[in-house]
Amino acid sequence: MTYIINTDKIKRAAIPWEERPQNSDSPIWRYSKNPVIPRNLLPDSNSIFNSAVAYHQDGFAGVFRCDDTRRYMRIHSGRSEDGINWKINPEPIRFIPSQSSINDLKFDFAYDPRVCWIEDRYYVTWCNGYANHPTIGVAYTNDFEKFYQMENAFLPHNRNGVLFPRKINGLYMMLSRPSDNGHTPFGDIYLSQSPDLTFWGKHRFVMGACGPGWQSTKIGAGPVPIETNEGWLLFYHGVLTSCNGFVYSMGAALLDLEKPWQVIARTEPYIMSPQTLYECVGDVPNVVFPCGALTDPETGQIAIYYGAADTVSGLAFTKVDLIVDFVKRNSSI
Amino acid sequence: MTYIINTDKIKRAAIPWEERPQNSDSPIWRYSKNPVIPRNLLPDSNSIFNSAVAYHQDGFAGVFRCDDTRRYMRIHSGRSEDGINWKINPEPIRFIPSQSSINDLKFDFAYDPRVCWIEDRYYVTWCNGYANHPTIGVAYTNDFEKFYQMENAFLPHNRNGVLFPRKINGLYMMLSRPSDNGHTPFGDIYLSQSPDLTFWGKHRFVMGACGPGWQSTKIGAGPVPIETNEGWLLFYHGVLTSCNGFVYSMGAALLDLEKPWQVIARTEPYIMSPQTLYECVGDVPNVVFPCGALTDPETGQIAIYYGAADTVSGLAFTKVDLIVDFVKRNSSI
Amino acid sequence: MTYIINTDKIKRAAIPWEERPQNSDSPIWRYSKNPVIPRNLLPDSNSIFNSAVAYHQDGFAGVFRCDDTRRYMRIHSGRSEDGINWKINPEPIRFIPSQSSINDLKFDFAYDPRVCWIEDRYYVTWCNGYANHPTIGVAYTNDFEKFYQMENAFLPHNRNGVLFPRKINGLYMMLSRPSDNGHTPFGDIYLSQSPDLTFWGKHRFVMGACGPGWQSTKIGAGPVPIETNEGWLLFYHGVLTSCNGFVYSMGAALLDLEKPWQVIARTEPYIMSPQTLYECVGDVPNVVFPCGALTDPETGQIAIYYGAADTVSGLAFTKVDLIVDFVKRNSSI
Amino acid sequence: MTYIINTDKIKRAAIPWEERPQNSDSPIWRYSKNPVIPRNLLPDSNSIFNSAVAYHQDGFAGVFRCDDTRRYMRIHSGRSEDGINWKINPEPIRFIPSQSSINDLKFDFAYDPRVCWIEDRYYVTWCNGYANHPTIGVAYTNDFEKFYQMENAFLPHNRNGVLFPRKINGLYMMLSRPSDNGHTPFGDIYLSQSPDLTFWGKHRFVMGACGPGWQSTKIGAGPVPIETNEGWLLFYHGVLTSCNGFVYSMGAALLDLEKPWQVIARTEPYIMSPQTLYECVGDVPNVVFPCGALTDPETGQIAIYYGAADTVSGLAFTKVDLIVDFVKRNSSI
Amino acid sequence: MTYIINTDKIKRAAIPWEERPQNSDSPIWRYSKNPVIPRNLLPDSNSIFNSAVAYHQDGFAGVFRCDDTRRYMRIHSGRSEDGINWKINPEPIRFIPSQSSINDLKFDFAYDPRVCWIEDRYYVTWCNGYANHPTIGVAYTNDFEKFYQMENAFLPHNRNGVLFPRKINGLYMMLSRPSDNGHTPFGDIYLSQSPDLTFWGKHRFVMGACGPGWQSTKIGAGPVPIETNEGWLLFYHGVLTSCNGFVYSMGAALLDLEKPWQVIARTEPYIMSPQTLYECVGDVPNVVFPCGALTDPETGQIAIYYGAADTVSGLAFTKVDLIVDFVKRNSSI
Amino acid sequence: MTYIINTDKIKRAAIPWEERPQNSDSPIWRYSKNPVIPRNLLPDSNSIFNSAVAYHQDGFAGVFRCDDTRRYMRIHSGRSEDGINWKINPEPIRFIPSQSSINDLKFDFAYDPRVCWIEDRYYVTWCNGYANHPTIGVAYTNDFEKFYQMENAFLPHNRNGVLFPRKINGLYMMLSRPSDNGHTPFGDIYLSQSPDLTFWGKHRFVMGACGPGWQSTKIGAGPVPIETNEGWLLFYHGVLTSCNGFVYSMGAALLDLEKPWQVIARTEPYIMSPQTLYECVGDVPNVVFPCGALTDPETGQIAIYYGAADTVSGLAFTKVDLIVDFVKRNSSI
């Protein structure tokens, strides 16, 4: 039996949930009222997508990518009692330097955040524009009001930096996807290690784009990996290049609990691809991009938040035993 | 108070109009029955979009981009009593040379027309294929039946040539967007001046693509500038390049009345982006492209005609005080 | 009067059919219940499109492109009593070598099949991955259960190989579209000849991409040519490159009965372009791609199966006299 | 007999000259001491090439493209008694606005000058960076010390603007090559007309890149056209794109004396291609690029100055009867 | 001991030869008086390279790629008594149709010939422009005066078609390199088979571009394979893409005598790369491209003719035992 | 007066030296017997360039980029008594893992080494192929015989990693140039900091490609920075993109001694560009690429080793006061 290992001890509300539809045997299914967050929830938002959520206090909090009507990329904090109805701060996050040297860091843009509770606080990682190039920004917060910016983890160009929710072998661990400075046509997932979240090293290749199919152009980690007795459960996105552009789909993998750069299993098929109108039509057609997940260790329920068409946010559900079983049965490793 | 300066004296019908929807505080709003012109209004039209209109006689007349089912680009004249229901001539415009030397000009294609009344006649400018390269064609008409072709204004490659509705400092003025011979990935707005509409010079840079947002790839003038006491009101399009192609949105700017190459204000956010199904789905997904406008100096009402998804024509409304106020409050200049 | 020449003698069922809608004078019209085959007809199919059908026994059989949820390209056999409701084998076709040397042929992928009855058996041609490059695979079957693979017809890189349903001047004839190894931005139709379906030669240029319109980037043969008293009726696809990618439309041509590399007529306009939601939205937006057709020589009815948006299968109808008349009247040759 | 028409009356020195080598029947031959101007003639010059010369006072003067060791593109004036030994001003030309509005023109870079005497002064045209885009700058001088800048002739993007040495039909005439903003992969020669050198119009296509050979990618006018009784003699460059980049060669054409947009003859072969070490090796390998010429109407001698490998200046000789005869015999028009 | 198998019986002259220089242990060495054929051997030749030679009568004959000063690609016949001093016909080869249907074949360009004696005549294969696309032309001659054109072997796009000098298993064999229609950035060697030199099939992948080194972009067969007791000895070119373009080097392989699509050995290092001035400087810098070879079965001497910098022809020498030994010792297969 | 600060204490031999040529006032001058290392110094070397040297024992030692005749990129150690005549080990360096986890690191290729003495040993940094992507490898040696590989410093994609010769503020410092996975068309210099040479962070932008000139495409650090009383003296390369590819030149900068990410001065002109035949002709034309330097603190002499045309190694000389003075006088900062 597969179960979620509960590594943090913060209080939990009931996560959003719908049972799998009758007649479906899919390992994952969409929320019936998608999109869960519309593009115009804020007065001047062009789109709200690729966002991350976490348990917080009696409910939930999150960090949201809200592109404004300038189409500038910004991240905002938000709160929700039920994980469905969100109040997002109309002002972008203004980071407070965690130490004086951080003032040196120019801030150009911010997008695609992840939120990860480790030990005593929430860490936010995001694609941070430094010297106008994308790299991985890191900050922490306790209350989703004040966010303290730390050193960028890596040199440019990098995207999709995702922390593990606990130290492993005494080191913090972060997945990321080195890239170039444009609409990168390649991309593999690597893991980096740190004693202090400031200096990073011991970089390891984890897994790459592969095959002729849905994940042949590039891949990138999605929500914070979920610890299970079968390994770290990682949802990730993969990209196929059609004659009319990129198609982003979702897959899942299991990583070794102690050597998380070793892949135990990985879905050869996607688990979700853009098929609904809100995933296929929008500012970037044909995008399903998971960034956040809420898990309930008691029931094994998982609620995945994903960006749809780079325009709105969708919600999808699975259960840990279903998805882990699917990953293992559909792996080519 | 902002008001429209009425520079021509031709008779005016009531322009199309709908009040701003309840609960909206947007500076611009769509016609509730969009698309106002369907793709197949003509028997063999593939699409009708990026078109220009003007007061004419008791109603309105216009020049329409009608791509036929060969996907050849042609412009047609049309008429309407109410600006909503249009009768478009199924035959493309056949230009009559305004002087014998014009016969030398080969005619390859015609698209994206604008119509501008100056002094005693209507001038049509459009993207004209000369030697198979795009440049700005110029013609005049009095009746939307006979169109007299004049010399092309510029050397290739150029698009989005837009006249001002009166001479300034004794010179005709035209905005345009120099480009290359393909799907140009760059483009700024320039102004050129002419004593006679034949010879052009004193070219001035007006404003360029800018920022990381909706107008970062290229920009181009839309309808004929509208004279207001605050400056020339220019609606224009801006393009962002996503990983899946171009996205065309609409913005607005104010230009100095006497030195119209000087920008007074310019919207940092877009005022309208492709968000409806008819703007996001079609021959070119994600396009909002304004080409024509009708204004009522008495009420300050403005009706903007725009191409949607390079397939159909949409209609949007604003009021001069609303939009000028928005431009000034949202300008980064 | 134009009529279909019935070259095979196999028993025929009633082909799918709907009369032309009232008020339409189009030479071709869509099935009112399109898409006729949904993307998820198979448990693990991502999409079912670009497929070919034929009379078989009391009904119909076909070979279908079914991309699975890995987005791997595979071809499957299927059967139907009415041409509307299809049962597709969930297992891809496993080819049996027709001779021992065929074992040398590596099999990487298979897509866009055509099915052609010649003399005593059905031949399947498809885009076959050999050494990871696309070329034209050839196989035969009698029962749509056992498929015997023959030698690839050509060297890479080739796509859209389409056989003629009888020998001409003692030689088998195949149309194809030489290409490159990617999303080829060029492509003309050639004809090749063979005494034995193994060795091919006497290659002839048939017709090329042309004009500034819908068929300006590349073209490729669609269903098996239909023999009529006016010439071989060929449905084909043409591609236009917009700033946001390829748009695939359908045209038709007439080829000389005895020298089929000579084009008698060819539609300057398309006969069908992507205009419905299922053609404009999907894994590849804006695709109409004909691959199969059923004809009834007695009534002149033709039912065309075409891929829509590289996602689902559509069905369209025409009559031989209507379409041949349209081709002749709208040809620029 | 072909002869040069002497349109200006300024005093003439003896132009540089060498007789055609024995055994050669080439229509053009290189100066035996090439390169005539080395790359480092100035203390901080990286390269001196693509330059223009004219009779001046008792000898010659010119405007020279001197890229400095920043690799910034600048133009300098220079003088010579014999056309061989040049003294170039180490300071770039600082243009004096010919009227106050010219101060608006930002100056970003200057390269590839031409010098043309018309009526009473020397006009300089060059590729002028305006708003960081290339267009045609125009200035005049009487003494090669003070240069008065006039309005740019055209909108960007343009290069290789070349004036005719007299008005034709009462209008100034300029050849140019519209381009894009990079290493333009296309380019044809157009002619524009002006009553006053400020406003330009009546643009005419003259001739385009053609064939599969040396002039298949783009072409551009070289020195000021030379008036002969057989037509305007135009030396021009043509570009072929090999798998390792552009190759620039030289050709010649004859244009109608009164309608100079009409081509009388044009060399199908090049007349000179990069074959010496100083033409094949340098900052841009494989470039022969003519920009200036000195003619002696009495002898028919022509000395052509051309850039070699974008690094140094070469000199080549021909005679008007030889070259005109060659153009006419080797024309495909 | 390795020796050459003498398959033809035509009379042989002494092939060009120089012994390996002292101190060299290279498997191949250049002719001390290279380039053996200068670029301007013909009055209007721009370059002479990538050419093929054969024993003929008392000496040698060949087919030469001579690009003229239009830079049009043409092939010419030539003769030599000693293989060093060549007389090339200044007129390109005018092919005589070998049968009436060949008249249908448009002739656009011809380059990179090979010459192969089989049984009773010389066959010429070359890159033939058909419908403006490259494919493999085939012709035969007995006297290098009259050349009879046969059907093109393949559909476009193809280059480097090279026949084997005898039938194998009753079939003619040809190597070729399928390509695209430009400066193809990929390319592998395939083998095709034919009963009659008109119809071709049984295509087999032979070997591909590989590794990160000199043959990583594409490869193509060079001279006609030389039969040895160790297998068919094939000289071929390989291409590396540097940041400044393609670099063409030469390698060698051994193919199975009866199944020549099976590679016995293949040089991991190149055997010759562009290192001399005439190979590094010219119309295309950095090209060594072998097309022809003369062999002496008695001595094992081999003289290889290769194009240098796409400008001139070089000559290099090896001995069959040296080179076969080198291939076997330096193979990674 | 500018002087070199002698941070290491190892014994010094006399570095290679030639005085500045008469009549020259250049801040840098070439060795009169360049290339100092020919391409074929090793039996199977294709090229030897982009290499680093250091004082060692009684003379000098170095690490050399030796591409073999497979064109595989490898680094070799070498020794010299005089810095002119080098003995390079024909076997590439085989790294010994410095700790067991290093065994995980796949080794694909190695190029462009630098050598830096810090405290008690030599550190080698190079472009290391990990998972087939370039990143910065790190190793140490004491004897140039045994090299111990440490963790890669960064995630891919990175090149030109250059250590500072001492800790600053208690941290090791490394310059590098983040890139993409091909012939990167962009590139700035960043600085990263580390307490232990394993974990890196506190990344700072140092300086970027700039201007329209020689350093407009990308830049990268060259030899180990030289400590002077005026700041760290950094030689670096800059790249300009011509229509025929990249041109690599050399510049110099001064960085703040304690905050070395702050640029004090930087040459607007290059100090050396490819102008000799061995710099302009070779495997990559037009490359001057400095990687190593020897300095004599007593005399202020500096000998710079640089790769020429990616083929051979050149040597150039300067004096610290000359070059620092030049940098300060020619800086635009």
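Letters A, B, C, D, E and F mark the chains as written, and numbering starts fresh at 1 in each.
Just so it is clear, a contact is a pair of C-beta atoms (placed from the backbone, for glycine too) under 8 Å apart; a residue touches a chain by one contact, two chains touch by 3 or more.
Predicted model, so just to flag it, every value in this text is computed and none were measured.
Looking at the partners of chain C and chain E together, they share no chain. Contact tally for E-F versus A-F: the pair with more C-beta pairs in contact is A-F. Of all chains, the one whose CA centroid is most distant from that of chain F is C. Here the spacing of chain A and chain D, counted between their Cα centres, is 59 Å. Mean C-alpha positions place chain A and chain B at a centre distance of 42 Å.
Rounded to whole angstrom, the centroid-to-centroid distance between chain A and chain E, based on C-alpha atoms, equals 56 Å. Touching two or more other chains at once are residues 244-245, 281, 285-286 of chain E. Applying the touch definition to all chain combinations yields A-B, A-C, A-F, B-C, B-D, C-E, D-E, D-F, E-F. Only residues 101, 104, 106, 130-131, 133, 135, 151-158, 176, 178, 180-181, 184, 186, 188, 190, 192-196, 198-205, 208 of chain C touch chain E when the two sit together in their complex. Interface of chain B with chain C (complex): residues 39, 43-44, 46, 68-73, 108-109, 183, 244-246, 281-286, 310.
By the touch rule above, chain C contacts chain B in their complex via residues 25, 211-214, 216, 240, 242-245, 247, 249, 268-270, 273, 275, 277, 280-281, 285-286.
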